[in-house]
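Down below are the structures I want you to see.
In the two complexes that follow, subunit A is the common piece, with subunit B as its partner first and subunit C second.
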Partner chain A sequence: MIEQLGNGLLLGIIISVASVALSLLYGVTRIVNFAHGEIIALGAIATLFLSSPVDSRLLFLDRFSPLGNNFYISVIISVIFCGLLGGILEFFLFRPLRKAEVGNIAVLVVTIGLSLFLRHIYMLLNAKPQNFPLELQRRETYLFFDMTPRNFRVLILGIIVMVLIGLFLNYTRIGKAMRAVRDSNDLASVSGINSDNIILFTWISSSMLAGLAGVFQATINDVRYNMGFLILLLIFAGTVLGGIGTSFGAMVGGFIIGIVVNVSVGLPFMEGHTEAKNAVALAIMILILLFRPQGIFGEKERVS
Partner chain B sequence: MSNKYLEVTNLKKSFGGIKAVDVESLNLNRNELTSIIGPNGAGKTTFFDLISGFQDSDEGKVYLNNKNISKSQPYAIARLGMIRTFQLTKVFDRMTVLENMMFSASTVNNDSFLKSLAKLPSQKTTEKKIRDKSFEIMKELNIDHMANSYAREMSGGQKKLLELGRSIINNPSVLLLDEPLAGVNPKLAEEILQIILNLAGKGISILMVEHNIEAVMKISERVIVLAEGKVIADSTPENIRTDQKVIEAYLGSENE
Partner chain C sequence: MKFSIKGSLTIFLTIFSIFLVFLLNEDGEIPILFNLLTFAGIYGLAAIGLNVHFGLTGLLNFGHAAFMGFGAYVTVLLIPHAAGREGVVITTGLPFFLALLIGVISAALFGLLLGLPAIRLRGDYLAIVTIAAAEIFRLLVRDLESVTGGVYGIINFSSSLQQYRLGFIDNFASSNDLNPSQVFVAFLSWISIVLVLLLLRRLTNSPWGRALRAVREDEDAVRALGKNAVWLKLQSFMLGAGIAGLSGVLLAFNYGTIQVSTFVPILTFYVWAIMILGGVGSLTGPIFGSIIFWVIIGETNGIAQLIFENANGQQIAGVRFVLVGLLIMILMIFRPSGLMGKKEELLLDVK
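Right, the complex of A and B next:
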């Protein structure tokens, strides 16, 4: 089981980053974003495209190599690109829907449609799983788990990102404004907050985090057109487990889900059934919610 | 400066075929404690929503201190110094009481993103000032013992007090109070009335919507009666009590 722990930590940090992003967006906008998975995939796909040598790319774009294939610059540009997409989606799609007072369920269906649409575009572009152009590395032992130095760096970077998000939300003016809009859009407005700007900022930052989670996921595994969709259920589970709308809860919930998914592979009754590993994590989520409906870190509210 | 802080002309809002608000002309005077009363569905809250930017009017103009705010967003109106409260009390649930106060205090300064990342010495002094002022107001409102509790843990009455507190921390020139006494016990209602009178005494122009007629008549200098979106009476409390139209539309005959 210990050997699965390393993989669990890695998946945990990825789900965790993606869950925080989803939770922030839900908290501020009340949108359950099914297209979150496609923004995750975009981070990985854009990085692959910008950093790969020509022959591993799409046929009709294979002469285009603007960045000289530098991996880290590719990651940065891809993450920014994801943020841009998030901003465009908010500005041209979700803001008009909000102003027209379209209901939450209708908006949810829009995000499902968007998810399908983007996923199929990615599929048309390239349906084959591909790896980032990174050299193979040998596993090394860190404390009591094994992983490649690169994956270890992903883990550390993921933890740093989490800490930064926490500091950002609690100590910066714009982070506090996001928390304010999350609690009450109207009240934030009468406190002088331009909530449209805060929502735009939330879309951009949530999408950038999603893109980064995608890069992490693809670094550890590979790039697939449906890679985001495949982990979307786990991300939802992490968000719900931690307590909907609490960022810290999403961090911890995502982490737990990621670890449980991988550690459950080592359980005796799972032998030969590793493809069912998500089931254990989701069953645990359901069990916890039965006993704590508000999630681990969700708080009951005083009704008055 | 003219004596009027708010000028409303020909303000109209319909929902479907129903005219919710249809106010031809209404001027509110500085430092005057004015109340709006009227039956349910008279358009009181819609009127508040229209002048505070939460709803767009179909037509008409609203001037706040001679500035046209007819098309302004709520946050912009708040920054101009006209702060409103809500019928269903709103607080930032997941912030502490102190955070609620401090957040409302600092936003209007609107400092930049970069500045908020690096805490400069000047900011620390501002923050300390805001903290001191928050405590001062919380003490006046008798909620300072809850400073570090989450706002969601407060009772309904305490939330009303917090809402008042965060409304006044930025020294607004105008307060719009939407049913400040709704759902509050008689003793607390008495306290809130006293607070409102104190605020009026400090030179804040107050416009409130309230159903507690006794309270309205006791503290208001001017009473405006709305019915079916229209102003049917606008006078001193004494005159309103005896106004035949108002008695028919709202007060009922037992008030005579």
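Right, the complex of A and C next:
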């Protein structure tokens, strides 16, 4: 059980980071981004691509290592690359849609198409699961949990990232502007905030966080073309649980979902059904929607 | 039915795309065309069901594959079949049409079960709930191997349907070198399309249909007039889910086996692409959308060969899904009403 709790914390931190990103984007733009998972996957795929020899079908590159395979530099470049993709998507796709006053529902369907498109581009690049070029490590004990030093570092780094996001949203000018646009786009515009720039910034930062979550996820498991799609539903569960659009709620919700997924393996009725562990988290999400649709920390608004 | 310019253009495009099949395939056109029409019929029916949700009522359903799967699994489990790794044979069972009826009704009830928590909420929540429910369904089917056969699936259930096969279908199949059981499924799916369309046409022109469209456009107004908007939405959700269940059964009998991999999320996205292509809110649109869609899908093999030398199955599938994603995006951006949809009927900003 304790071991599952450790795994749960790890998954929780990944889902948290990704949920905050999704929730931030939803809060500011009102877009439920189904392509979020593909940005997550891009973070991992780009890191793999930059840091190790890859076998790609589309690019026919046997070895591509301009950075001398330095893992950390690869991670930083990949995260920036994800941010760039987010910016490009906002600038060339979602901003024109917003200017044409296309409804939120239509934009949601566009993100579904985008997700399908990007995911299978990755699949054409390389469909085989691969691992980051990192050496194997032995598990060690930290407080109560057994985990590898690398995974422990992921956990600590994730917590630092969360604290930074919280500080950023509460104490910086641009963070405050983001919250202002989230609360009321019109009022923010009246106060002299350029909401287009804020939305662009939100896309970039949300995508960078997603890319980082992808790197975390791939460090713990492996890199697959559909890794983002597989985790996307858990991210939705975390976001909805905490309250969609809230940042703090998404953090807590993500943590809870990560722990629930792993601890549910130990439940009596789950014996021999470990594959179905995600179903428990998704069922909790549906139940939350039934009884408290605004989530744990969401403000009560009319959601019907 | 009035023939508008849009309608004639759509019919022209459909005929042209069928003509393309003859143009691009040098031999074996008849089996290819027939295969295409079978899938177009089954998926078209599913798209009609989805259109009841999205086009008529404005409900975002991304779990269509689960409704199809639910109908198919219930039906197949009620008739004689063999399931699982060992292929445990179950010889007793209900007659096919009774099982089909129960299957369709259970798919509709599954819709009710899902709709209850989600339908009171804003549209995007329903999208998340339905896609999550489809995943739960998939995980459960995989996990409950003793009943559903899990990844090994269910086989040997076709005969309960094929015993009703009519003589002229055998004749038609043998003279054209086709598989008679597939011909029968195709025949049934097109019959079902006609019946479902007749039913829907009657329903949409009834007070019920008008109330439903009113819900899509202004739910508060409907409430103010004393109609129960939530119950109306639930009814529509059940109706669409039932139609999806029927198409799922047809898909199962077309393959002759079902596994976990038969009803995966990608199936939902296919149906979405077909619906948007055919026209959101148009009753007959999905049929034409479906035919054109399957012509495109049928030719992805050729497109994949252009990109890769000797493309393998996975690459062809990848190219196909990339195309479907692009199709959904481009249509939704540039022509959200599809071929047959009416722009004024399309209020996509449903709250």
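Here, the second predicted complex is superposed on the first by the 290 of 304 C-alpha atoms of A that agree within 3 Å, B and C clash if a C-alpha of one lies under 4 Å from a C-alpha of the other, contacts with A are read in each partner's own complex, and residues count from 1 in each chain.
By definition in this document, contacts are C-beta pairs under 8 Å (C-beta built on N, C-alpha and C of every residue); 3 or more make two chains touch, one makes a residue touch a chain.
Given the structure is predicted, the values throughout are model-derived calculations rather than measurements.
**Q** For A:L267, select first, second, both or neither according to whether it touches subunit B, subunit C, the two together, or no partner.
**A** A:L267 sits against neither subunit B nor subunit C.
**Q** Going by the contact rule stated at the top, is it subunit B or subunit C that touches a larger number of residues on subunit A?
**A** Touching more of subunit A: C.
**Q** Does subunit B (first) or subunit C (second) touch A:N194, or do both, or does neither?
**A** first
**Q** With both complexes superposed on chain A, which partner does A:I105 reach: first (subunit B), second (subunit C), both or neither?
**A** second
**Q** Looking at A:V163, would you say it contacts subunit B, subunit C, both, or neither? Reply first, second, both or neither.
**A** neither
**Q** If we overlay the two complexes on their shared chain A, which of subunit B and subunit C does A:V240 touch? Say first, second, both or neither.
**A** second
**Q** Mind working out whether A:I286 is in touch with subunit B, subunit C, both or neither, as first, second, both or neither?
**A** It touches subunit C, and subunit B stays clear.
**Q** Is A:I174 touching anything from subunit B or subunit C once the two structures are fitted on A? First, second, both or neither.
**A** first
**Q** Does any part of subunit A touch subunit B in one structure and subunit C in the other, and if so which residues?
**A** 304
**Q** Give every residue of subunit A touching subunit B within the complex, in rising order.
**A** These residues of subunit A touch subunit B: 171-174, 176-177, 179-180, 182-184, 186-196, 246, 299, 301-302, 304.
**Q** Inside the complex, what are the residues of subunit A that reach subunit C?
**A** My answer: residues 32, 57, 97, 102-106, 108-110, 112-121, 123-124, 127, 233, 236-237, 240, 273, 275-276, 278-279, 282-283, 285-287, 289-290, 293, 303-304.
**Q** Per the contact definition, I'd like the list of subunit B residues that touch subunit A in the complex.
**A** Against subunit A, subunit B makes touches at 52-54, 73-76, 78-79, 83-86, 90-95, 99, 103-104, 106-108, 110-111, 113, 115-117, 150, 152-156, 159, 166-167, 170.
**Q** What part of subunit C is in contact with subunit A in the complex they form?
**A** Interface residues on subunit C, with respect to subunit A: 58, 60, 62, 116-118, 120-125, 127-129, 131-133, 135-136, 139-140, 142-143, 266, 269, 272, 276, 308, 314-315, 317-319, 321-322, 324-330, 332-333, 336, 347-350.
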